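Following this line, the structures themselves.
Shared between the two complexes below is chain A, which has chain B as its partner in the first and chain C in the second.
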Partner chain A sequence: MMSAITQTIATPTEAVPMSRTTIRRTDLRARGEPALWSLGGALALGVIMIIGFLVLVFANGIVTFIPKPLAVVTETDGTVTAGEPFRSELYKPSPEIIASLSPEWRERVKAENGYVSRTLYRTGNFDIYGEDFRWVPAFQAAKIEHPKNLSFFERMEWGPFVGTVKSFKVGGAEQAFTSLSDPKFIQVHDESRARAEEIRAIERGKIGHINHELETERLDLRKVELEHGRNSAEYKAAQDRLTARAAELQVDYDKFSAEVQKLREMNAGNTLTLAEVGGREKTIEFSALVRAYAANDLSLLQTLGVYFSRWGEFLADEPREANTEGGVFPAIFGTFAMTLLMVIVVAPFGIITALYLREYAKQGKLVSFVRISVNNLAGVPSIVYGVFGLGFFAYVLGGSIDALFYPERLPNPTFGTGGLMWASLTLALLTVPVVIVATEEALAAVPRSMREGSLACGASKWQTIRYIVLPRAMPGILTGVILAMARGAGEVAPLMLVGVVKLAPELPVDGLFPFVHLERSFMHLGFHIFDVGFQSRNAEAGKPMVFVTTVLLIALVTFVNATAIIVRNRLKKKFAGSQF
Partner chain B sequence: MLSADIHGVFRYSFHSLENTMFHKFAGALALAGSFAAFSAYAVDVDPALPSYTKQAGVEGSLKSVGSDTLNNLMALWAESFAKEYPSVKIEIEGKGSGTAPPALISGTAQFGPMSRPMKGGETDDFEKKYGYKPVGMRVAVDALAVFVHKDNPVKCLSLAQVDAMFSKTRKKGGKEDIKTWGQVGVTGEWASKPVSLYGRNSASGTYGYFKEVALGDGDYKDSVKEQPGSSAVVQGIASDKYAIGYSGVGYKTADVKTVPLSAKDGGTCFDANSDNAYAGDYPITRFLYVYVNRKPGAKMDPLRAEFAKFVLSKQGQMGTIKDGFYPIPAAVASQDLKSLGVE
Partner chain C sequence: MNMETAVAPRPDHAFESTVYHVRAGGSGSVLEIKDLSLFYGPAQALYTVNMTVEKGLVTALIGPSGCGKSTLLRCINRMNDLVDAVKITGQITLNGEDIYARAADVIALRKRMGMVFQKPNPFPMSIFENVVYPLRVDGVRDKTVLEETCERALKGSALWNEVKDRLDQSALGMSGGQQQRLCIARAIAADPEVLLMDEPCSALDPIATAKIEDLINELAGQYTVVIVTHNMQQAARVSDNTAFMYLGRLIEYGDTEVMFQTPKCGRTQDYVTGRFG
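Right after this comes the complex of A and B.
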């Protein structure tokens, strides 16, 4: 490849001594010229496609969280629509509609060859309207205003609300509302949100621990039952233990429940009555309000505040409302954990295989056959690995593990269904050919003279490999691992079969023994993109989230790769000086 | 035959209700409509539905595998249920109704949401392993909508016309294959434009239900563009001006509109909305189901029983509205709770 390019570059220089007329006559058909142009063109096309793709994704992803102004449109028939202008397009109204227009508009439509623009407004208030987007054609918009007090409320449930604050209550007492930036309003909101967080922490943490302990005790009892039978003395003893422990735990449970109840009651008094543009009202608790801003009255600082607080929520929170709102933290964590686990499995496995094939195995027909098989493995469709992972890892291996180690939990499977471990192993299988091939190439590139030198000094074969060959091949091996990681992090199809789910309430790592739960299902950014893009109720609202999540996935893969590349470059530098 | 049966069951279940709860319910709905200015919600749940109260001693984990139409609804229920019981963990997987029966049979899932009733073969497989049939609860009402692009001037289609568009067998008695919009009475520049078809993949219960009810169990044309999700169908139609496709009414966006349908040629057309669905006027109304493994006579474990109760409660049915479907009437809920043995 390299020599071919050098040659094509070299060819024109050879032509220099020829007379000018000859050069002019041979134009594009000159030896090497077409190849040079097509190679350069192919490169340019590739770069343009990649840059175009990145620009498209980033341009759409970056702007999603910017708060947009709100408009109130009074239509010619008296309907009032309030919302964010989402996008506009030109369309051709039907002849009947054109006939019903005012003469002035008819002229304008005619001048535009029958086209007229219309704007899609994100009206929110899905609970009241039963829809959250609305198209308004330009000829129907009699008046467009941007009132300063019209605000955008992001709620925990039912999506956004567009309207104004009618009144708010603190501890059940009516308060005078001035603006959203009123310190009192902000304080009440912050306090309510803090209490809601506290409730969650108690329920998740303390009450969660109690339930976990109860569950463990119950499983222990079941284990005793399976081992000794229902009528044995051991079972009776265990049963008494469980009853005693349950009574203890119940006391704690009641205490925490009372605490939660108190916080709930405090929050219930802090409410907010909102009114939409048509006058219909809605009362919500402050704790159910994520954030509110007066969209047409934001300073630059406030705009940035909303923008970054949305990013913060997106990166750190859990998803809400069937994944269409809230954050993607569990998906980020899942993707990262799975990729890491995959590398831990695939790197040693691939490197050892390649070492044996290249350094120890007798080169012959069998080894060539193995090599061809490995190369072919790289071409197997990824979904086939998914099916294999489900059939072999989850059902056969996982089923056996369950029967051996978790009989008390059956018929509920523990390892006998998709989970983080099986997903990582499946992806490791999928990417192992990449590592093997890269490692073999890297090993082959270590000069024979170095091995011979080492052996001549009396080093054993393994010493030579360990101290001479492997360190020098390391950068090349790491390249293979990086490629494997990039492939693995972006793969979705097989994962859908072996453990990725739409909603996984628990992270695979938590504070409960044994802390790492490899059997759990997990969420994944790639699958999240598919889910939000093709499965969410409101495709329109989901589209921007697809771009944001894609930006995030690309950023994550770039981050992981960059780390690996930095490590590789350090290694390269380390051995650069020790070359002969 | 089967299709007529299933459709009949649906109509029957609603008509039999007319004497009991249903009129009351319809009245309540009409009332809510007339006071629209004061109503808090676009559609309301049946006030006769039981209100859910939290119980003690509910914990553990659940898994649901099945329909993708019900995917978001299950996720919404899981979220609200977890609010009541923070220590309950629910995992949701939705790749099509066809994936529910195997998951229930193998015990991987405790709940199997399906957008169509279980087929005979699937029930038999279940029975072979457990010795009894799985129990299905009706969890929501869906008007399976036929969507077109928002600018499409088509006013009304009969089921026979829909069949002639989507099917190569035309079992509903359509005389000719409908290939252009002009053949269904659209005039002007639309008349000569070809009909572009969108549908679901065959693992989907929506695919199966539409095939049975709208196509009279005929075969789909090869030119139907099969989409991986309900939302994908709507997105396809939104970007293709001459498209038509079917999907749950909950997936409607501002870029598409529903076509009013009539059961017979020349009959009255009814749009896909809650009133027409409840009255049984909209011809392809269906229940959405969640199947569970319940041994007859035995008591279900508290976790599953509470989840079922929650789904069929006022709070749970609020979720159906949130997801764009319609809540079930209280009479249906109490029937299904009875058949599950949780009252």
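Right after this comes the complex of A and C.
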């Protein structure tokens, strides 16, 4: 550069192009700036969409359980409506309605181009009104009040009740009601609830055991019948055994049902009479009351109390009211159990397949074909797997298992219908391509030098794979398993065919032999979302539950994945510092 | 072994036959290579190589890139078996035993040889486990045997004093030179009959290289070493015999001093004096 300048000065007549001395900037396109912008833009768009989605779901999910204030609306025609304001929207009333309005309102509606706002109130009291929700147009609401004594009662049946406590009885004796936080009231409520729990425990546990045993005995008899025929001596003996055992069990049963009866009678004496705003009354047992709170008179602490008690119920209890109320514990358990079982199946299966494909199979046309087929499997719509799972696993495999091992239960299917095991196997099949592809790549990434080093030490091929290749490829393999798990936990469509049901209070794991019941149908969070949001009688009431359940499903998948990622990173750290 | 008929050298590769002036080690030969030819698919990489490796001496293989010296080394412990479409004719015997015999057990054979590679390739395990790996895969469980072997091998590779306090730490945390000496320790742990080294210093800095060279000198006498190297000074410094290869042929094989001072072949002279290569 310097010499060029000196030359130019020294011999000005010489034609030295000026561009030599000026610094030319590199072309934007050559630098790849536009590409960089579009790449960054695409990433930003993706991140914004994900964040937006999470914010939407979490914002809706987290506020669902906050107790909302109750309003009493006196309408122009004298009707009184009490309930939680649920949401508001603009709507276009029909011309007749507009014509019937006061001139003032007619002007307002006209100014808004014929639109007027209306509010949806969650009135509850389904047993009295025959509806849960009520729209009140703005022009009809003459007066809106928030009375302090108006309370929200969550019940075991019929949905919530909005109203006031008229009176309550303990052991049939009338008591003076002061407030919901009256210690006596709370004590009676707690006692009744505890008794209801006890009844349930006896029915589920002790009486459940008796029924289970009786059923087992009956199946044994049927087995004897199938083996030896109805007229055989064995059948007679088994029949006598069953009769004797049934008599014994009947004694136990009577004892337990008497216990239950006693508890029921005690609970029947503890009732409270509720009144809705119109004055109509309804008497319920304390045991049927989940919780009650004076919605407009809550301290911050009480609000939090209601909020967290609802979360607790949601996480630990069973659903009620067609899944729109109560908890989702069976669904959490079902999702978790199914995902775990799927991983137990898919991980070894996928890894073994990939090991053979990559390490042992002779690389040729056949292996290429298998590899392409595996990759294509990942693109098959999941519902197809569901159909396959039902047709092959449940009907063919399950049907054969039933015919071989459970002939006494036929025609009732045991394994011959959808269940936890078939659902897990179906999902394992669905996710196995992910594991195979990831494992193959991880195996291919193990440096050749390491394999040669091991072989040169006199290790066999299997020893090399076992001690050198597999540990080294493990982080990559686990990445594949994590991806498979994430996909499997979020899948719903095929599950509807192979074992997920709307309501399955019996968990796949319980205290009855053989303790793990892989043949049972189960609940799943993903399906629960679908069911509550779109299949329930009361779609409006289910909507908030959709968000809460979504939050929970995201949290569960995140938790499972995070655990797997931590395990993988531990492994990775072990191999850090490698020079290759 | 039935010797397959060696493919005749192509006319454009016609060379004068190999010149031998091997210095004898006094205890006979360990390896005998007879008429060894190797094909990668249609391409021939080795042309009827004949040589013996003297017991207890260091034999260097030198030659320009692609001359087949690494291929020859990898024939000795049958590492070329891993390559697809490789065809080998001729014979190699290890202490009289044909390693390409149909009945030969490759795994047992490799246990009798140690190999050190170009780049250090410690396994992702502890230093101890790295060294005793050949014994582990051989099924040795006895803890005292393993510990004694580890100490002996690490002392043999002059690494003991540096790592004796951190045997249970990952081998991947060591420096490149240490890693390579660890690989040498691993290679000598099972007391091999031959130690094969494939350019063991090419990925190392000069100081680490000097240490490895010292180590090779120490190992000489105790072990028979065959070393492939690009570095002619290194061959001159560490070896007793040197084989010069060119285009898949063994050109000259003999006493290192003679090879570097008064080579018998013109090509060798050209190569060792740096006129080509």
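Note that in this section the second predicted complex is superposed on the first by the 519 of 580 C-alpha atoms of A that agree within 3 Å, B and C clash if a C-alpha of one lies under 4 Å from a C-alpha of the other, contacts with A are read in each partner's own complex, and residues count from 1 in each chain.
Operating definition for what follows: a contact is a pair of C-beta atoms (placed from the backbone, for glycine too) under 8 Å apart; a residue touches a chain by one contact, two chains touch by 3 or more.
It should be emphasised that the depicted structure is a prediction, and the values quoted were computed from it without experimental measurement.
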Quick check on the superposition: with chain A as the shared anchor, is it clash or fit for chain B versus chain C?
fit
Looking at A:Met496, would you say it contacts chain B, chain C, both, or neither? Reply first, second, both or neither.
first
Given the touch rule stated above, what does A:Ser373 touch, chain B (first), chain C (second), both, or neither?
neither
For A:Phe133, select first, second, both or neither according to whether it touches chain B, chain C, the two together, or no partner.
first
Greater chain A contact set [chain C / chain B]
B
Chain B versus chain C as contact partner of A:Thr558, first or second or both or neither:
neither
So, A:Gln187: does it touch chain B (first), chain C (second), both, or neither?
neither
Of the two partner chains, chain B (first) and chain C (second), which one does A:Asn211 touch, if any: first, second, both, or neither?
first
Under the stated touch criterion, which partner chain does A:Glu452 make contact with: chain B (first), chain C (second), both, or neither?
second
Quick check on the superposed pair: does A:Ser179 touch chain B, chain C, both, or neither? Answer first, second, both or neither.
neither
Could you state the shortest Cα distance, in Å, between chain B and chain C after the structures are superposed?
53
Name the residues of chain A shared by its contacts with chain B and its contacts with chain C.
none
Chain C-facing residues of chain A, complex
363, 447, 449-460, 463, 467-468, 471-472, 574-580
For the chain B and chain A complex, residues of the former touching the latter:
37-43, 59-61, 63, 68, 71-73, 75-76, 78-79, 82, 86-87, 89-95, 107-108, 150-151, 153, 188, 227-232, 234-235, 238, 250-255, 321-324
Per the touch rule, the chain C residues reaching chain A in their complex are 77, 79, 82, 84, 107-108, 110-111, 113-115, 117-125, 133-134, 136-138, 170, 172-173, 176, 179, 183, 186-187, 190, 196
Which of the residues in chain A end up touching chain B in this complex?
91-92, 94-95, 120, 126-131, 133-135, 157-158, 200, 203-204, 207-208, 211-212, 214-215, 278-280, 282, 320-323, 411-413, 416-417, 496, 501-506, 521, 533-540, 542
